[in-house]
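Remarks on the structure that follows.
Going in written order, the chains are labelled A, B, C and D, and every chain counts its residues from 1.
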Amino acid sequence: MLESLLFIIMGLIVITCAIGVVFQKNPIYSAVFLIQTMVSLAVLYILLHAQFVAAVQVMVYAGAVMVLFVFVIMLLNVQRADQELGKDRLIFQKVSAIFLGLLLFAVIGIVTVRSVLQGTKGEYTPEHMNEIGNTQLVGKLLFTDYVFPFEIASILLFAAIIGAIILAKKELKE
Amino acid sequence: MLDVILFTFIAIIKISIVFGLLLLTIAYLIWIERKVMAHMQVRLGPMRVGWHGLLQPLADGIKLLFKEDIVPYKASKVLFIMAPVIAIVPALMSFAVIPFGNKITISGYSIDMVITDINIGILFILAVTSVGVYGIILAGWSSSNKYSLLGGLRSSAQMISYELSIGLSLIGVLMITQSLSLVDIVNAQSKWWFVLFQPIGFMVYAISAVAEVNRCPFDLPEAESELVAGYHTEYSSMKFSLFFMAEYANILTVSAIAVTFFFGGWRGPFLPPVIWFLIKMFLCIFFFVWIRSTYPRFRYDQLMNFGWKFLLPVALANIIVTGLVIVLIG
Amino acid sequence: MEITVPPFDIKSIAPIILVTITGIVVLITDVFLKKLPKETLGYFSFLAVLITGVIISSQLGTTVYSFSNTFVVDDFSIFFNFIFLISTAIVILMSVTYLRQEGINYGEYYTLILFATVGMMLMAGGADLITIFLGLEIMSISLYVLAGFRRDRLDSNEASLKYFLLGAFSTCFLLYGIALLYGATGTTNINEIGTFITNNHAYSNPMIIMGTCLLIIGFGFKTASVPFHKWAPDVYQGAPTSVTAFMSAGPKAAAFAVFLRVFLVSLPGLETKWSVILWVMSVLTMTVGNVVAITQTNIKRMLAYSSIAHAGYVLMAIVTASSLGTASILFYLLVYVFMNLGAFAVIMVLGKKGKENLQIDDYSGLGYKHPVLAITMSIFMFSLAGIPPFAGFMGKFYIFSSAIKSGYIVLAIIGVINSVISVYYYLRVTVVMYMKQPVREFAPLSLSPFIILALIITIWGTIHLGIFPSRIIEFAQESVLLP
Amino acid sequence: MIPLTWYLILSGALFTIGATGVLIRRNALVILMCIELMLNAVNLAFVTFSRHHDSMDGQIFVFFIMTVAAAEAAVGLAIIVAVFKNKATVNVDKINLMKW
């Protein structure tokens, strides 16, 4: 009961804020809405017994990625001069985009409702998971079954660091 | 059914006691800071209001409450009003998982001296405090004042940089206890405090904690000589005091974490656990004030270099060494 | 909680480790030995790539699943690894002079190229959607940055931004597709997905079908297939030429490797469904690519559309879903690496700092001034157009014959018609070079031993594979994935 | 206990809103934010499926998606900053040296 109520409230917040992200004129308001979306999603993850993902969601997305966004928005200080122009030309595009979006949603909705969720049941039921601890399980899997992707992820981050520095650095010396 | 009601009742009681005490402590923290600093500088500090100025925080609070609340004409109103709230809520929330004492039993019903013991305790704290940055950064932006903006940018950069070191410095302890729950961590220290096993981790934590709460010598975001008052230049009245409270609440949080992680939490002989916890925490706070009245301010590039090029590698090395030792000892 | 650390099969990932370490070493050397000429870094990377090739050839003939079935070494991945390493090696040779000339001579360039190669190798060898996804992202992120490597040039910035925004957008679709597949089957391992679908006869589970469609969108973007091709011409035109060459060869092959592995291993049961979609995509891709290429005046943009068209031919072979089709794809991608990189090498030889001479008209009269270079360019153009005796002809021949053998006659006919259309714009370059009077001085050419070596290798590949294709074809046929 | 289908529909809605946002907005920063929104939708779908299957693979995948999202955000913002330095705009309609 309480869970359903929480889901409905959080779901409504998520949807409202997501729409806010899209339709806010000022990028900083979009960013604030996005942060709110992410934090509300973390609550949903807890409802789904994924505590670690919830914590990381807040820590990584809200605490790091979005700070970077807000940072860049402030640094660039994009002002009115950069307001989206050519309203007339875009009306058609906007309408068709929203139409396409609704279509996509309809398709996804139909697919999810029509599908019978089958598939092999794994061993990690919520009870079993609470016994071991969600975080411990994630850690165990990352260092056993998924150790290879885990190590690759470091290459990915390294490439991203190099890339970000090379693109945004002030002066590069020959 | 009765259980549920009792549980809810106790939870509400616990929350209100912790919350009330927290606010009171924050108020008196300011008094303590003024007094300690005064005596370090051979002054007396507040003396007029009450015995040795004990009622000073009350007077300050009433003064701030009745001041005119100014919202700058060009500010973006919503964010300007929201920012102080965003700053203080996470600061208070992180106390939800900190254990203040052992279990106590009242008429056959045992009560944990912690609002809630969740198995991702420290992750919860790190996640919640990382949201607190937005209070500052949005305050800086929404004031449409260049000093505020610069202060906001500086502080958010600083907080993000040092958050990494904070997280990494605690991992050594987590590796020893193999649990993220703060209750488990305190229980694991029944023999030895972890500061003995993790001296480097504690040093890194202590330094980055000072930086994380924007205290001297890392108080660049509000460097008076450069930025007026940093991100809260434009704030007045209650909104200003909310920022002030957030800052002190953060000091309490990092002190409480330090006590829990490195100094055995509420454990100690003779005295009741809660008292031990408070004593340890106030020693940490004294340390904060001590540093503030002793050291000059860093320069900004020094601050960043120190964080990224010294603290971070040291914290990483600490993790590697801890891991090696654990493997070798088995 | 018991933790048993799985065995580390270093041997199977040795090539990846070697390339990664080379990338890191290049970066560190660049920082600490400032006096070292950057050419040395390029030379060093080239050498490392060659050594990696030797290590890979020692893995031939084995099929090893390692790291809890997240990574696989089989002949299929080895063949693709050869394609990637050859393209990387040639691109490194081509870049050395170009980078100095354009004033973007930073060591990070080689690191990013090598990391992109690592990403491609992971894509080809990924046996789990997680590995494939991470490999794809390593490759993509390196390429986003490489496309914007000329930071002071707006067109390079623009290419990078467009590539990034559309790439990230398509990644979301790919991920949603993976999520739906995971939801329907409960696993992300591509073999297990395949087994699950066959065992449960889940051929018409809407979630799996939807997931497949989203995967097609994601992979279609990476292979620049119509209608997900819009980024390709702009990115190819704006990116530094060496990067354009790189993007058109290795990453494209890598995307096809993933395409093949996921669709032939995980989703063979749904072949009747996805082959229809791919059929349409193949026709559209060939036709749009070739027709639009005719109108282009910028040679990089023209080659971009030509590369879209070539993706269409490869898609045709995927539609057949036969072992012959797969073998023809492997062969074709190898051939494409040689002839396309060769064409870009010639473009780079003709370019100078500040004046890259990218209009097709800039080539007028090249045949009189620099006959050797003109002949070289003509060879590549003939080969791209599919004129015998060059390798491009053999590649197309095998693809069309595999389509006909599998009964896709209409598709093959459309392919042949397209091939004929493409002759027009490829030959136009040759015509301009020989039939028009020179309007400007060409000298000095940006020649260096490195780029000459690159040209020799590509010419050799284009001619050799055209005349003596049998050994490579056999190798390709042994390397097909199908059971 | 809420049926998991609700979560999936929520995820679909979020994904759709993000995709629509990418198509109708012209500010590169907001487009990037909409892409983050879509990635979040994918994460929600993964966690839901992971709960349904009682397997951890989905949560592990989410972990990697977050890594990738962070890397992409860093590179993407760097690209936007580089564009802004040269052109002083983040409006993708004005960044049109070559035709789209």
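By definition in this document, a residue touches a chain if its C-beta (ideal position, glycine included) is under 8 Å from a C-beta of that chain, and two chains touch if they have at least 3 such contacts.
In this text, all values refer to a predicted model and were calculated from it rather than measured experimentally.
A.B. asks: If you tally contacting C-beta pairs, which pair wins, A-D or A-C?
C.D. replies: Greater number of contacting C-beta pairs: A-D.
A.B. asks: From the mean C-alpha coordinate of chain A to that of chain D, what's the distance rounded to whole Å?
C.D. replies: Computed value for the inter-centroid distance: 6 Å.
A.B. asks: Hey, how far is the Cα centre of chain B from the one of chain D, in Å?
C.D. replies: 33
A.B. asks: Report the inter-chain centroid distance for chain C and chain D in whole angstrom, where each centroid is the mean of the CA atoms.
C.D. replies: Going by mean C-alpha positions, chain C sits 26 Å from chain D.
A.B. asks: Out of chain A, which residues touch more than one other chain, so two or more?
C.D. replies: Expected reply: 52, 56, 64, 75, 108, 112, 117, 119-122, 134, 136-137, 146, 149, 153, 156, 159-160, 163, 167.
A.B. asks: In chain C, which residues are in touch with two or more of the other chains?
C.D. replies: Only 130, 134, 137, 141, 144-145, 148, 151, 160, 180, 183, 186-187 qualify.
A.B. asks: Which parts of chain D, given as residue numbers and ranges, touch two or more other chains?
C.D. replies: Expected reply: 8, 15, 18-19, 32, 48, 52-53, 55, 57, 60, 64, 68, 71-72, 75, 78-80, 82.
A.B. asks: Touching pairs of chains, which are they?
C.D. replies: Those chain pairs which touch are A-B, A-C, A-D, C-D.
A.B. asks: What residues of chain D sit close enough to touch chain A in their complex?
C.D. replies: Residue positions touching the partner: 1-2, 4-10, 12-21, 23-27, 29-30, 32-34, 36-37, 40, 43-44, 47-48, 50-57, 59-60, 62-64, 66-75, 77-82, 84, 89-91, 93-94.
A.B. asks: Name, in rising order, each residue of chain C that touches chain A in their complex.
C.D. replies: Touching chain A from chain C are residues 1, 3-6, 13, 20, 24, 27, 66-68, 70-71, 103, 105-106, 108, 111-112, 115, 118-119, 122, 128, 130-131, 134-135, 137-138, 141-142, 144-145, 148-149, 151, 160, 180, 183-187, 196, 200, 202, 205-207, 209-210.
A.B. asks: Once bound in the complex, which stretches of chain A touch chain C?
C.D. replies: 107-108, 110-112, 114-122, 132, 136-137, 140, 143-149, 152-153, 155-156, 158-160, 162-163, 166-167, 172, 174
A.B. asks: Quick check: in the complex, which residue numbers of chain B touch chain A?
C.D. replies: Result: residues 76, 79, 118-120, 123-124, 126-128, 130-131, 133-134, 137-138, 140-141, 149, 152-153, 156-157, 160, 163, 178-180 of chain B touch chain A.
A.B. asks: Within the complex, which stretch of chain A touches chain D?
C.D. replies: It comes out as residues 3-4, 7, 11, 14-15, 18-19, 21-22, 27, 30-31, 34, 37-38, 41, 44-45, 47-50, 52-53, 56-57, 60-61, 64-65, 68-69, 72-73, 75-76, 78, 82, 84-86, 90, 93-94, 97-98, 100-102, 104-105, 108-109, 112-113, 117, 119-126, 134, 137-138, 141-142, 146, 149, 153, 156-157, 159-161, 163-165, 167-168.
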